[in-house]
Every structure is written in C-alpha cells, then in structure tokens.
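Look at the two complexes coming up: subunit A is in both, with subunit B in one and subunit C in the other.
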Partner chain A sequence: MIDRVIAIRNRTGLHTRPAAMLVKVASRFRSEFFIRKETFEINGKSIIGVMTLAAEQGAILHLRFDGPDEEEAATAVTSLIERGFDEE
Partner chain B sequence: MKIDKSRETRKKSITVGFLYETTKDRFKLRSLNGENGFENIIKDKNLNRPGLALAGYLSLFTHDRVQMIGNTEVHYLQSLSPEQRSQAFGRIIGYTMPCIILTNGNRLADELMQAASAKNIPIFGTPFETTKISYFLADFLDDQFSPQVVLHGSLVDVYGVGVLLTGRSGIGKSEIALDLVERGHRLVADDVVMVTRKGEAILMGAGTDLVKHFMEIRGLGLLDVRSMFGIRAIRYQKRVEVIIELEEWKLDEEYTRTGLDDQIVTILDVEMPMVKLPIFPGKNVTVIAEVIALNYLLKHYGYDAAKEFAKRLEGMIGQKKKENRAINYFEHDFE
Partner chain C sequence: MDSPQSTTTELFINGIAAAPGIAIGPAYLFTKTVPRVEVKAISREEADSEIMRLRSAIARSEKELQKILAFTELKLGSQNAKIFEAQIMILGDRILLDSVEKRIREELHNAEFVIYDEISKYKKLMLEASDEYMHERAHDVDDVMNRIIRNIRDQKLFSKLEGEAIIVSETLTPADTVILSRNQVLGYATDLGGVTSHAAIISRSLKIPAVVGLHSATTHVHSGDIIAIDGYAGALIVRPQPATVETLQRKAQRIRNFEEQLHGIASLGAETPDHRRIELSANIEFPEEVEFARMQGSAGIGLYRTESQVIAKGAFPEEEEQFEAYRSVAEGMAPFPVIFRTFDIGGDKVIPDTTREQNPFLGWRGIRVMLDRPALFLTQLRAILRASAHGNVRIMFPMVSKLHEIRAAKQLLQRAKDSLTSDNIPFDPKVKIGLMIEVPSAVILAEEFAAEVDFLSIGTNDLIQYLLAVDRENSSVSQLFQHFNPAVIRAIKMIVDAGHKRHVWIGMCGEMAGDPLATVLLMGLGLDELSVNPSILPEIKKIIRSVKHKDARKVAEKMLTLSTEDEIKEFLASLVRNKIPELPIE
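This part shows the complex of A and B:
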C-alpha cells in the first residue's frame, strides 16, 4: 500500500476535465485507488466521486494506492496532478 | 467507425420517362405529346423558367434543365403574333432540353406542340401552380441526385430518435435491435441500411427493397419482424440522428467518462454524434441505447447533463463547505 499527500496545483482546481483525466489515468491500473480530502474519501476511479471532492487550488489530497501495480499507478497519478493536468 | 469515401454513390442522371412514371400520380403530371423523348436525360437537379430565353435573351440559358413554363411564359407567347410565337418558341427548343412542364393547367398552341414533338421534347401538363410544382420537383430531383451510402448496421427508431447501431459482424446489433422492438421501438432496417443525404445536413435511412424488415439472428436464421410483431414494430424510413458503435470492452481504450467531449463521425459530409459503447456480458445495451436516445432528446431541447454537472462543480470548487451531504440534518422524517 502506498500513501501520498499532494496539493492541487492548477488554478481552476479539480473541475470536470481534470477529474476525467485523473479517472482515466487511474483506471489504466489494476490497483485500487482512493482519494481523501479532509475526512471525505472516495474511489479515485469514479468520476462522480472525484468531482464530489470539489478540490480547489491548494486543496490537500491524500492518495492511497493498493494492488499489484501500485508503484506505477502512484507515479502516474501524482505526476498528472503535479503537472497541473497540463492546463497552463 | 470509418466510412470509405469510395463507397458513396450518387446518381449521375435519370431519364425523363423515369421522372414521369415515378411522379405522375403525386405531381398530377400528364403527358401531352405521347412518349416522345422519354429517353432524354436529366442531369441537373435545378429547374429553369425560360422566360428570358423566349424573349430572345439566350446567353446563360440553362437549357439542359427541366424547363418550367408557367402563366407568365404562356401569356407572353399568347401576346405574340403566330409567326413571332413560333419563332420565340423555336428559339428555345433549338437547344437540347430534357422536357417542358406546363403548369397551372396551361396549354400550348398546336403548332408549338408539334414543333416540340419534332424535336423529341416531351411536354407534361400539371394543374399545380409553378411555385408549388417547382418545389415538388426540386425536392424530388434533389433526392434522386443526392449522395448515398450503404452502411452495415441496424437502424431503429427509439422514442422518435433515429439510432444507428454499428459495429463488427456478430457483435449483436440485430439482437439489440430485436430487443428494442420487443420494448416497443420501431425497426427501420437491419444489416443493410441505405443512407441518403437530404438537403445539406440531414441523413435519411431506409432498408432495401428485398430485405425490408427481415433480420437474421444467429442460431435462428431469418425472421420477419413485421409479421412477428406487427405494424407497430416497423417503419420505412427515419432520419439518422445518433450513431452507436458497439465494440468489445478493451482495457487500453479510453471511453468518455463525462460525456463532455462530443464524438463525431462524418457520413456523406454530414457530422453525426457518435457514442462508442463498450459491451461485455451482462451489460444491458438495449436500456443504454434507450438512454442514449433520451439523452439526445434532452440535449436537443437544451439540457446537457454533463455540462450542467460541470457547472455545478465549478460553483462548488473553492466554497469552504465542510459538509458534502445533500441533506444537512436528518430530522424526524423517514421518507
């Protein structure tokens, strides 16, 4: 199991398009993936779940990966968030 | 879905005889000089009123179009002396033309009729006014000369929306079509769908004459949907509005998760919305097809669920709200 803590960087926050990108990247891996914001935790492969976070710029997300390819999944997802979803 | 441009066809020409035989009842056409020139060719979907040509202005005279002679032309000819009249009429029939249509129940003088017959130009009469018959004829010719393509798929009217199911052979298009029929929707064509462009941006679909509403179900063979389910289960033509492309679920293929990015497929130069639908055992594709049709209707009437959701989310981001629950406090209400 891998835990990561990461802040949302892009200015507009985790709105619909970044949420869709996040879910698509996460769905490529077999590992389970959960995102927690404060006390609210959702499945990171569910688009509705990710959008429900309504994570703004600067929001702190706790990512949890669990499964055979957790390393790769964690790298792919954190890199996407760090790149600010290639928005700027 | 890729549609090979080379599969598109378009009629280059029709004969005057074909025009007459196919439309005489609808357009109340009567042949006034026998079957003279029925083999003449119509290549242009446009019509022409030869008023200026009769008056002597012959440059740019589009003589190879169907010629419409209405009240104006007839009155003009009547105003001339017999010699001038023959001369004016002779000027235009000196050119090759497919046929002449006399509107408003008008008649031409006998010597003009004979002159046209001698040049093998058929003359048809109709009781309709020029504007009306022009509209009918232009629509008919537009249809005859419009581009066509034959597609492999099933076309079903789902809640009034023309849904074309495509996908590789054996993926279950016919089975889904049958299931839709069973749920009260109407089959237009299965397996072979002839798609014709109407105007600039409308695609009309129909079956072939032979197949009509027969379909093949693997393991059963040929079925006749009309005899089996009755008249409510079929229709002859339907505008194609949504394309559903069925395919096996692939792990590495990306499917839309929000529905914000509209996918488009171009058929006969018309852009159609397309839904790429991954299927797997246990998935009820019929219900999803119904939902696609309903969502198309919603969008058509101005409500896009994906956009609506995105808007709500944008309003929510940045709001420092602790609670996510839709209900703040469950009072003594158990509904």
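This part shows the complex of A and C:
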C-alpha cells in the first residue's frame, strides 16, 4: 500500500474536466485508489465521488493506492496533479 | 376580466415577450414532477432482471443525453454543452453503478430506490458545500438521477406530446427548451423567467415564439386547451374567441409580409440612400445571443452587458471564467466590434455584498462601485483585454459623472495592460475605449469627456430617468418617462455636437435606439452608431435604408423647434407611416 499527500495546484481545482482526467488515469490501473480530503474519503475511480470532493486550488489530498501496480498508479496520478492537469 | 373557472370564455394573461412570433394551437402542460421513489422488496430471483432494467435505463439515458449534447453543441456552442458532458460521465461511473448493482443483489431492493438512495448521498454532500459551483453540480446530479429513474419506469418523456403543441410550463431549463424543440413545438409559455432567462434566449435563437413571466399560466391552462401566445406583445390567451384568433392571425400575417420584405436585409449595410452609413449593432447580455445577433444582420455588439454573468452567478466570476465568456463573444462576432461595458452593478441590479441603499439610483453604482473595488475592476479589465487578442474589442465605462472617474478608470486600464505585458499574455494594445453618457453632468461636460476617449454612447434609459427625474418603475409617474421629451432630444443634440467637435463617434444603446419612430430623428441628429435589441434590428435597418440622411437632418432640425413630446411623436409617427407604410407599428 502506498500513501501520498499532495496539494491541488491548478487554478480551477478538481472541477469537472480535471476530475474526469484523474478518474481516467486512475482507471488504467488495477490497484484500488482512494482519495481523502480532511475526514471525507471517496473512491478515486468514481467521477461522481471525485466531483463531490470539491477540492479547490490548495486543497490537501491524501491518496491511497493498493494493489499489484500501486507504484505505477501512484506515479501516474501524482504526476498528473503536480502538472496541474496540464491547464494552460 | 373573465372568471378563470369558466371553460368557455377567453382569458388574457399578460407576461413578458421573450421571443417574437404568434402561435395558436393546443396546449401541452409540461410538468417536471420529481418522481416519487418507493422502496420495494424484491425476491432473489428478481435481482437479475432488476439489474437488467437498470442497465438498459442507463443506456437509454446516455442515448438521450448524447442527442441533447449534439444538438446543443450545434445550436448553442460547446460552452453550453458542458453540463451535459458532465452528466454523461456520471452515467459511465463504474464505481457508482457497481455499488448500486451490488446493493440491489444484497439488500434485495428495487433498482429505482437504490439508485435514488446512492446518488442522493452525493447530492446531499454537494449541497452542503459552500461553493456555488458545487450547488450547480448537485443540480446536474439530480437531473441525471431523475432521467435514470424515468427510464427505469420506462416512461417516454413526451409520450403525451403528439403533433403540434404550445408548451406551458412553470419554468424551462435550457435542456428542456432544447429537447422540447425537437418535437413540433409551436411556442413556449412559462410562469417564471424574464427576457434574459436562458430559455428565452434559446427560444429566440430557435425562432420559436415565447412568452415568459406569466405567473399563473400553469394554473389556468390544461393540456389540450386551445391557447394563443403573442410573442410580440407578451400575452397568453386561453380559449381565444374567433374574433381574437382573427386579429392575431391578421397581425401575424402583417408581420410575416413585412418580414418577407426584410428577407435578405441581414446581408445589406445600414446605409441611407444618399450613402451615409450608420453602424447598426446589437445589445446582448449573454454569449449565447451572439449567433442570433449575427443572424439578424448585426454589424457588431454595441452593448454587451457583462454584469449579467455576475447576476446569474450571484458572485463575481474569476478572471478565467470571465475571459472564457468574453472570448466567445469576441470570437463569435469577429471581425465586427464588440463593446464590452464594464460591470454596471448597483441601482436596480444585484451586488452580492452590498447593503440596501435609501436611493440606489443615486447611490453606489456603475463605475463608482468598480473604482472603489480596484481589485475586482482590474480582474475584469484583464479578462476583457485578454479577449481583445481574439477579436475586435472595445471597452466602455458606465455611469461616469465626473472627469476624475474616467481618468481613474484609464489608469486602471493601463495597470491591467502592464500586468498582462509582464505576464507575457497577448492583448490588443490599441483597444478603443469609450464611456456612457447617462448622467446630466456628463451631457453638460460632454466635450471634456469626449477628449478622454474614442467614443461616447448614450444610455437613454438612465439619462431620461435622471434628466426628467422620473422613475419608470413607479407607475404613478412612469407616463412622464418619454424619450420624445424635447429636453431629451436637445440633450442628444448637445452630446452629438460636443463629440463631433472632438472627432469622436457617438452611439446610442438605450431603448430609444430601438424605437422605430425615433430612427429618422436619431439619424438626423447625427448619431454614428445605434445599438438595439437584435429582434428589432432588421426593422431599424429597413428605416435607415429608406430615408435619405439629408431628409433626416431636416426632420431633426424641425423636431428641435417643437416644444412638446406629443407634437414630436405625432410628427414622427406620420412620417414613418408615409415613408414605410408596410412597417407594422402599433
């Protein structure tokens, strides 16, 4: 199991488009992926869940990956968030 | 007035004209009842078929939404289609659907209830967020849920809508308007909404007559009743009598004849027979209106009321959100110019964080607000400047009453330009600026004001209110609100002369600019630009093309000698009747 803590960098936060990108990337892997913001945790492969997070710019997220390809999944997801979802 | 209970007599209900046209036909009462969901126990054997029902309902919902999405993209552009994209993504959420299917199997409850229960959890969380954006997403989630439930129950959305009908509804969302228009919709009548509601804008662009703000249409109309709507006058007539039908048909015929004559005028210039060109442009509030303005043959946007975005959102949008809207207007209108009026908030409009004023029209509004909130002002100026890299952008400041204000606004504009330059963001460095003349002090100082800018635009609605000291919303004095008051006409003359002396062009964007009776007078007074409601634009163009500028000047000279509005109005009405007898003026 891999735990990561990461801040949302892009201006618009985890709004619809970035949320869709995040789910799409995470769904490529077999590992389970959960996102926690404060005390609220959702499945990172669920678009409705990620939308519900309401993660604005600056929000701190706790990511949890668990499964056979957890390393690769963690790298792909964190890099997407760090790149600010390629906005602008 | 007839009793509403009566089923044989006709009933007139007044509302707001939202999209032009006349329609007569059977009513279809469109009610969006939120489905009542009941929890039912199912047997273990029924679980599989329950899941199959769910899956086919999801597939059908997706098909419906794909159609709406394609239609919306085509008719209204991809910006408006985004909400449907989000809804389609939710339908494809495997995690959500897997857990619903799992619960159906384990709890042995009906699909309807489980999907309702599961999606409601997310909806509740979204509604708890303080963010306006999240509340909108909760509506999307709600829409998706209702669509799935409807499809589980295997109801066809418009099974009752057979043949042509006038849709009567409490309110219509953009999605309703779009999907309903795929059927044979003759017209729309709604209890709520104003001219600027999205449904009104969409029906205008779809060319379907609409009347909104009727308050009690849904209580007086039943499906199948014969009704008529007059999208010019803004009226709904329930069970119209033969004489009424005949009057309406005659009116429709008269307007159709005139429109036939106007056919093709969209591609012609607004030029008098003696070759004086008037820049004839359109007033808009939302980016969605650009297409309609172009269709009507507009040569630009003379007034883009940018505050509509603030009012619709209930808050100031961020730079990015403003920029997106501004860019789509600038791009949509290019190469024609778009005049962006900076936020005109206060007075009759909402400002999110203001306290109630004793006398809002003499209070904190227009440029006064924005100069007191330089950070908000800079954000908007940056957004407009960024849009200037994508089209022909002009900037206009509202409610300027002293020179200091326009100078301060120009300084802020310079700051916005400097910040964009240092951020390496492109914009048009020579963007033209202007100000609205709508306060008497600005009329008197027009020449000094003109020296500061590239153009002036006369906002007649406020100018008349301040010049004549009449609140037109106050029914005891509203009859005194007259744009043919000689004082108004002479004030316009003063502004035009002062501006021309300084070699700046003079426009008009108030309602007077769109009054067909006023067109000849305004041409004669020397206005260079008229910006009008897009639906009236072809008529105004027809008048410009019918009257020589030379003659219009003589008319204006004569009007400047008359001393009552009745004489002026009478003269102009008979002039228009003589010159353009086919014009359907009331």
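What we mean here is this: the second predicted complex is superposed on the first by the 88 of 88 C-alpha atoms of A that agree within 3 Å, B and C clash if a C-alpha of one lies under 4 Å from a C-alpha of the other, contacts with A are read in each partner's own complex, and residues count from 1 in each chain.
Keep this in mind: a contact is a pair of C-beta atoms (placed from the backbone, for glycine too) under 8 Å apart; a residue touches a chain by one contact, two chains touch by 3 or more.
If you're wondering where the values come from, they're calculated on a predicted model, not measured in any experiment.
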Which of subunit B and subunit C A:T52 touches, first, second, both or neither: both
First, second, both or neither for A:T16, with subunit B first and subunit C second: both
Touched partner set for A:D66, first subunit B, second subunit C, both or neither: neither
Partner chain in contact with A:N43 - subunit B first, subunit C second, else both or neither: second
A:E82 touches, of subunit B and subunit C: first, second, both or neither? neither
Contacts of A:R28 with subunit B and subunit C, given as first, second, both or neither: first
Contacts of A:D3 with subunit B and subunit C, given as first, second, both or neither: neither
Overlapping contact positions on subunit A, where the subunit C interface meets the subunit B interface: 12, 15-16, 20, 40, 47, 51-52, 54, 56
Complex contacts: residues of subunit A adjacent to subunit C: 11-12, 15-16, 20, 27, 40, 43, 45-49, 51-52, 54, 56
Subunit A - residues contacting subunit B, complex: 12-17, 19-20, 23-24, 28, 38, 40, 47, 51-52, 54-57
Residue ranges of subunit C in contact with subunit A within the complex: 82, 85-86, 89-90, 92-96, 119, 122, 125-126, 129, 131, 133-134, 137, 141, 318, 320
Partner subunit A, residues of subunit B touching it in the complex: 251-252, 254, 256-258, 260, 306, 309-310, 313-314, 316-319, 322, 324
